[in-house]
Structures are given as C-alpha cells and as structure tokens.
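Read the structure below first, then the notes.
Per-chain numbering from 1; labels A, B, C, D, E, F and G assigned in written order.
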Amino acid sequence: MEYIYASLLLHSAKKDITEDNLKNVLTAAGVNVDEVRVKAVVAALKEVNIDEVLKNAVAMPVAAAAPAQ
Amino acid sequence: MIKMSLTVQQHKIPQWKIEEVKELKEKIKQHKTVIIASLDGFPTDKLHEIRKKFRNVMEIKVSKNKLFERAAKESGIDVSKIEQYLTGTNAFIFSNKNPFEISLMLSKFKLKRYALPGDKADEEVVIPAGDTGIPAGPMISVFGKLKIPTRVQDGKIAITKDTVVAEPGQPIPPEIVPVLQKLGIMPVYVKLRLKVAYHDNLIIPGEQLELKLDEYKSQILESYKNALALGVEIAYPEPEILKITLGKAYRNAMALAGESGYITPESAQAVFSLALAKAYALAGAISGKVDLGIQVPT
Amino acid sequence: MEYIYASLLLHSAKKDITEDNLKNVLTAAGVNVDEVRVKAVVAALKEVNIDEVLKNAVAMPVAAAAPAQ
Amino acid sequence: MEYIYASLLLHSAKKDITEDNLKNVLTAAGVNVDEVRVKAVVAALKEVNIDEVLKNAVAMPVAAAAPAQ
Amino acid sequence: MEYIYASLLLHSAKKDITEDNLKNVLTAAGVNVDEVRVKAVVAALKEVNIDEVLKNAVAMPVAAAAPAQ
Amino acid sequence: MEYIYASLLLHSAKKDITEDNLKNVLTAAGVNVDEVRVKAVVAALKEVNIDEVLKNAVAMPVAAAAPAQ
Amino acid sequence: MEYIYASLLLHSAKKDITEDNLKNVLTAAGVNVDEVRVKAVVAALKEVNIDEVLKNAVAMPVAAAAPAQ
C-alpha cells in the first residue's frame, strides 16, 4: 500500500503526483522504489478524480462490523 | 564602604534559594522536557503517588514560581513565553520523554480521591451490601431518602443490597459523602493539570498536550479507507486491494445480470431477488388499496 | 491528513514511526513540517495499535468510488 | 403475485397497465382472471409512480442471504 | 426484465416455463419476442431451482417496503 | 457468469458489446461459446444502461459481513 | 477494471489466471496489454482465494440498479 499512501500524502499536501515526487516520498520512507510501479501508479491516477473518490470513500456506509472474535 | 556592604545586604538571597535555583537549573539542563503543572486544588498527597509511579520517567519538583523563573532565565529559556503560566502553585516536571507521552501517561494514571459535597462522580458509585458500622440513628433516614435498603443489626446499619447512588457524570448526593468516606470509596478522579510544556525550544500549551487518541484512530481508519478506495479505483494489484476490487467486480457482474435478467445458476439469486424486490415494492405500494391475496412483507 | 498518511506509509513500509522518519517523509512530500504536530503524532501512534485499527477497517465495506468516467 | 408480475411485465414492456392488457397477459399465463382484482389493481396502480417505486426498491439494501456454510 | 417477470408470472401461476408459454405471455404483453432470448432463459432456468431461489430471495431481508407516500 | 464478465471487460475497455467481440473474448478465455447465449446477452444488454447499473451497484450499502474467523 | 474482469472471466471459465491467459483475453478485448501490470495482477491474485472473496461479496447486498431506461 506504500505507493497509495505516498500518493495520498502528495495529494493531501496539494502536490502533483508525479513520478519524481512519488519516488522522493517513497525513498524518504525507506522504500525500495520500483520504477515501473511508480510509472503505473502515476499513469493510473491521472485518470482518476481523487477528490471524488475520497468523497465517496468517506460517504461510504461504515457498517464497520467489527470482526467477530 | 558602608554603602557597598548595604547594597550587598539588600540583595542577599537566602542560601536555600540559591541552592534551589541551582538545582532547578541542573534539572532544566539535564532534561529535554519541562512541564509546568498546576497544583491549585490538587491534593498534595497524590503528588507522592505520581512520583512513585513514574520515578523512572520523570522528576517532579514543587518550587516557587520566582525561583523557577530565575532558573529558566539563567538556563537560556525565553521566559517571556512561559511567565503567564507562572502563577498559583505549580509543580515542575522534568523528563527526557516527548511531552505528549508524559501527558498520555499522566492522563491514563487514574488517581482517585474522596468525594466532597458538590462533586460529580467519575465512576459509578455503589454502596455495597453489608455492615456499615454506622450506628442506627438519623443516618437511617438518609439511606431511606436515597432508596438504599437497610436493616438494623446489632444496633448498626447494614445495607441489604448493592445500590448505585450516582452514575458517572452525575452529582454525588451530598448526604452520602461521609458514608463514602467511611466505606473507603473514592469516586472522584484527580488529574494533574498540565499548563505548558517546554521541549526542544518549543512551547506547547497544555490544551494541545491532550492527545485525543480516538480522533487519531478514526483518522487512521479514514486514511486507510481512502487508500483502499483509491486502490480499488485504479485496481491496484495488491492482494489487500484486489480482494475488494474482485468483490466490486463481482457485484457489478451480479448487478448487470440482475438488471438484464441474465440467468445462470450463479446469477439466478441476484436476478430473482431484484425482480422480487421490485414486485414486492410495487405490491407494497398498492397493498393498502387492493387485496392481492398475498402477504407483502413490509 | 498528511501526518496520518505519512505515518501509514511508514507503517506500511515496516519502518518505525519516529520523529525523524516522519519529518523526512513529510519534507520529501513538500510539507512544511510542524514540529509540535510531529511529536504529537509520534506519541499518539505509540499508543494506538495501527494493525488493530486497520483490521477492523477491513471488516468494513469499501464499496468506494465514483464510476470511472 | 401474478397480478403484480403481469403489471411489471407490462410496465417493463412499456405498455399501459389497462384492464384489457392485464387480463390478456394473465390469461396467456393460464391464470383464471378475477375481474374485480384486475379492476382494483389497475385503479390502484394509476395512482402510483411505478418507476419511482421500482427505483426505491432497488436502492434498498437487498442484503443477500449470506451463503450459509 | 420482461423475460424474468414473464417467467415469474408463469411460475407463480404454476405453469411450466417452456418456450411456448413464455412466448405466449410475452406476446400477450405486446413484447416483440426474441426467440433467442426465450431459448436462453428457458435453458438457463432448467439449471435453476426457482422455488429454492425464490425462497431465499423472500427469506432475505428484502426491506422492499413501499416508499412512504 | 462468463458472458457477463466478458461483457463487463468489453465495456470497461470501451468496446462495443457485439456478438463478435463477445465471442472473441470468450474464445480467448477458452470458453466454448454458445451462440444462443451470446445473442441473448447482447440483446439483453442493449436495453440496459450499464454505467448506470454499475454506479448503483457500487454506491450501495455494502453491509460487509464480518470476515468469519 | 479490465484486468480484474478478465481475471474473473478466466476464473469463472475454470482456467488458470496465468500471464499468458490474461494477455490473451485482454488482447481479444482490444485492450493494450501492459506486461508489468499483467505480472503484478497475476502475482497478487496468487495470494487471494478468489472463491472465498466472491462468497463474501455475495454476503453483501446483491446489487441492483436504476431501472433500465
């Protein structure tokens, strides 16, 4: 999930999710960056309206059934 | 000559004060975190319990504000930023821990005291069944008024059933306060109020020091949900996310099967459930007016 | 939410959530780091069992997301 | 439920739910038509916004029976 | 959904869901019958225990209450 | 459900859901294509607004069953 | 979602979700196949019990949708 968190961090900090930015963040977090993956994530996120996705994520019914132990 | 010695006389500071400032300076120098905590209204005997509990983590010193201010100034602390907190009776906490951690530790350590008239209960106050040792007398009517069942046994009042006299947050009936003391029940929490922390040249006001862990938890949850949602949106190939994405794809498929009436053994349930849901909705909409000869679940 | 995303990034990368690590990640993301906040987050997350919180989240519906446009 | 299914069939086929249409469909399905009921259903459905009702039926959580095993 | 409603109507009227019966009902409802679809539905339903499916569907909390008017 | 998945794949890839396209995909997946089914699916999906269906499918309360431990 | 639908198609057709199979299906659907993504999806799905996931997905509300227009 590192690539997703790093992307969300950038988005949240109002920075563009570019390959360089993503790599910087991941490297700073001590992640061994996989160039191809970075490219894939950046490309995929370009087609997504992140704000919209997050809005719906929050609006989601949090029927958080706690796992029955 | 005489004049000079007079001047010295005027500025003469008692030796103990000099010693104390020196000690405070040492402690400031040796610790990354200094917290000023208010002792106004704080039972001093409880300070001892805190000291005992946290002696490996922090030192607590009660001192005069003026002396602390002098020590702080001589240690290079910008006193102008903390002098507003140097009023009333204060304890000074020295530690090498992150001040937020200190704050958490102190808030988790429940110190209890006896109730005073007018106090609210911090936890459920139960008068336990059993002998009270209180001689039968006017107290019987106090118990009666509070609906605490009693009987007299050997001239003493005995409670016959555990009885709650105050829920958390409720005021404690003042009449019962002496009884609580007699029974050793301490239903009120005391907390050291942290006024300000000085740490790594940062001044952190007390209200900021109180960490709301529940908020952190819900933020973590929200962040995680956001990450999953974003991951699902781009079908991020990671098992954690794929599980959800697969479920979404499957539900999409079922929805499409249902809406287009595409029946397979797998989709039949979805198709007919949808059709039935619609049929029942329609039946429900007119069931008040028409006898359909069926039972419509509502 | 930057501080939380950064923390989860570290957690996900199996790094300790220390002041230094957090500051590094945030700085790499171009965030103006607030020292006090960093300290607060680090202290709070020491008390919170992130894995536990996330486990409960998984029991949760993540329907998520706007229709792809 | 025959009268309801027949009505839904007509609605779904974008035909008016008239007494005649309903009777035709029911008869074709081999149902012994009850004239009074046909009249009542047709009259009642006139006052109903069927599309609206169906939309709501669907928006509802049709909480699928969890596979019992 | 016409083919489904027609099937449910036949089932509800305790008639076999055969191609002929289905075509009759659909024709009576004024539907332009698509032979292929009729065949597909009849074939698919052969593999399905409708009673079982309907029982589960009904057993479900089909909260399909009518919308309050 | 192969026919539905194949249709969704085509839809998702922004290709028309035609008989030929469907057959190609199914064949590539090693499915023995049933002409009747293909025709039926293509015909049925013509009447459905797939985007709308997907939007609603996803927006629905996914009252997650707690993962059985 | 193309990669996901293609995977489910293979799963549903009881074929192994291998890189080759996935590529074949995607290509047949006219998708420009991204080798890296194929690898990533295949690898990730190896860690997922698809049947289990789908079973749980069904425990969730059976979809639905707005009335076909």
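Everything that follows uses one rule, which is that a residue touches a chain if its C-beta (ideal position, glycine included) is under 8 Å from a C-beta of that chain, and two chains touch if they have at least 3 such contacts.
Predicted model only: the values in this text are computed from it and were never measured.
> Which of the two pairs, B-C or B-F, is linked by more C-beta contacts?
Looking at B-C and B-F side by side, B-C shows more C-beta contacts.
> Of all the other chains, whose mean CA position lies farthest from chain F?
So the chain farthest away from chain F turns out to be B.
> If you average the CA atoms of chain B and of chain D, how many Å lie between those two points?
That gives a centre separation of 57 Å.
> From the C-alpha centre of chain A to that of chain B, how far is it in Å?
Distance between chain centres: 33 Å.
> Taking the mean of the CA coordinates per chain, how far is chain E from chain F in Å?
Spacing between the chain centres: roughly 21 Å.
> Averaging over Cα atoms per chain, report the distance between chain C and chain D in Å.
Inter-chain centre distance comes to 52 Å.
> Where in chain B do residues touch two or more other chains at once?
Chain B, residues with two or more chain partners: 222-223, 225-229, 233, 235, 238, 240, 248-249, 251-256, 259-262, 264, 269-270, 273-275, 277-281, 285.
> Using the touch definition from the top, which residues of chain C touch two or more other chains?
If we look for residues of chain C contacting two or more partner chains, we find 1, 5, 8, 56-66, 68.
> List the residues on chain C that touch chain B in their complex, please.
Those residues of chain C that touch chain B are 1, 4-5, 7-8, 19, 35-36, 39-48, 50, 53-54, 56-58, 60, 62-66, 68.
> Which stretch or stretches of chain B touch chain E in the complex?
That would be residues 259, 261-265, 268-269, 271-281, 284-285, 287, 297-298 of chain B.
> Could you list, by residue number, the parts of chain B that touch chain C in their complex?
Residues 98-101, 103-104, 199-200, 202, 204, 208, 211, 213, 216-217, 219-229, 232-233, 240, 244, 248 of chain B touch chain C in their complex.
> Spell out the residues on chain G that touch chain A in their complex, using ranges where they run on.
Those residues of chain G that touch chain A are 34, 36-37, 40.
> In the complex of these two chains, what residues of chain F are touching chain G?
Those residues of chain F that touch chain G are 1-2, 5-6, 8-10, 12-13, 15, 21, 24-31, 47-49, 52-54, 56-57, 60-65, 67.
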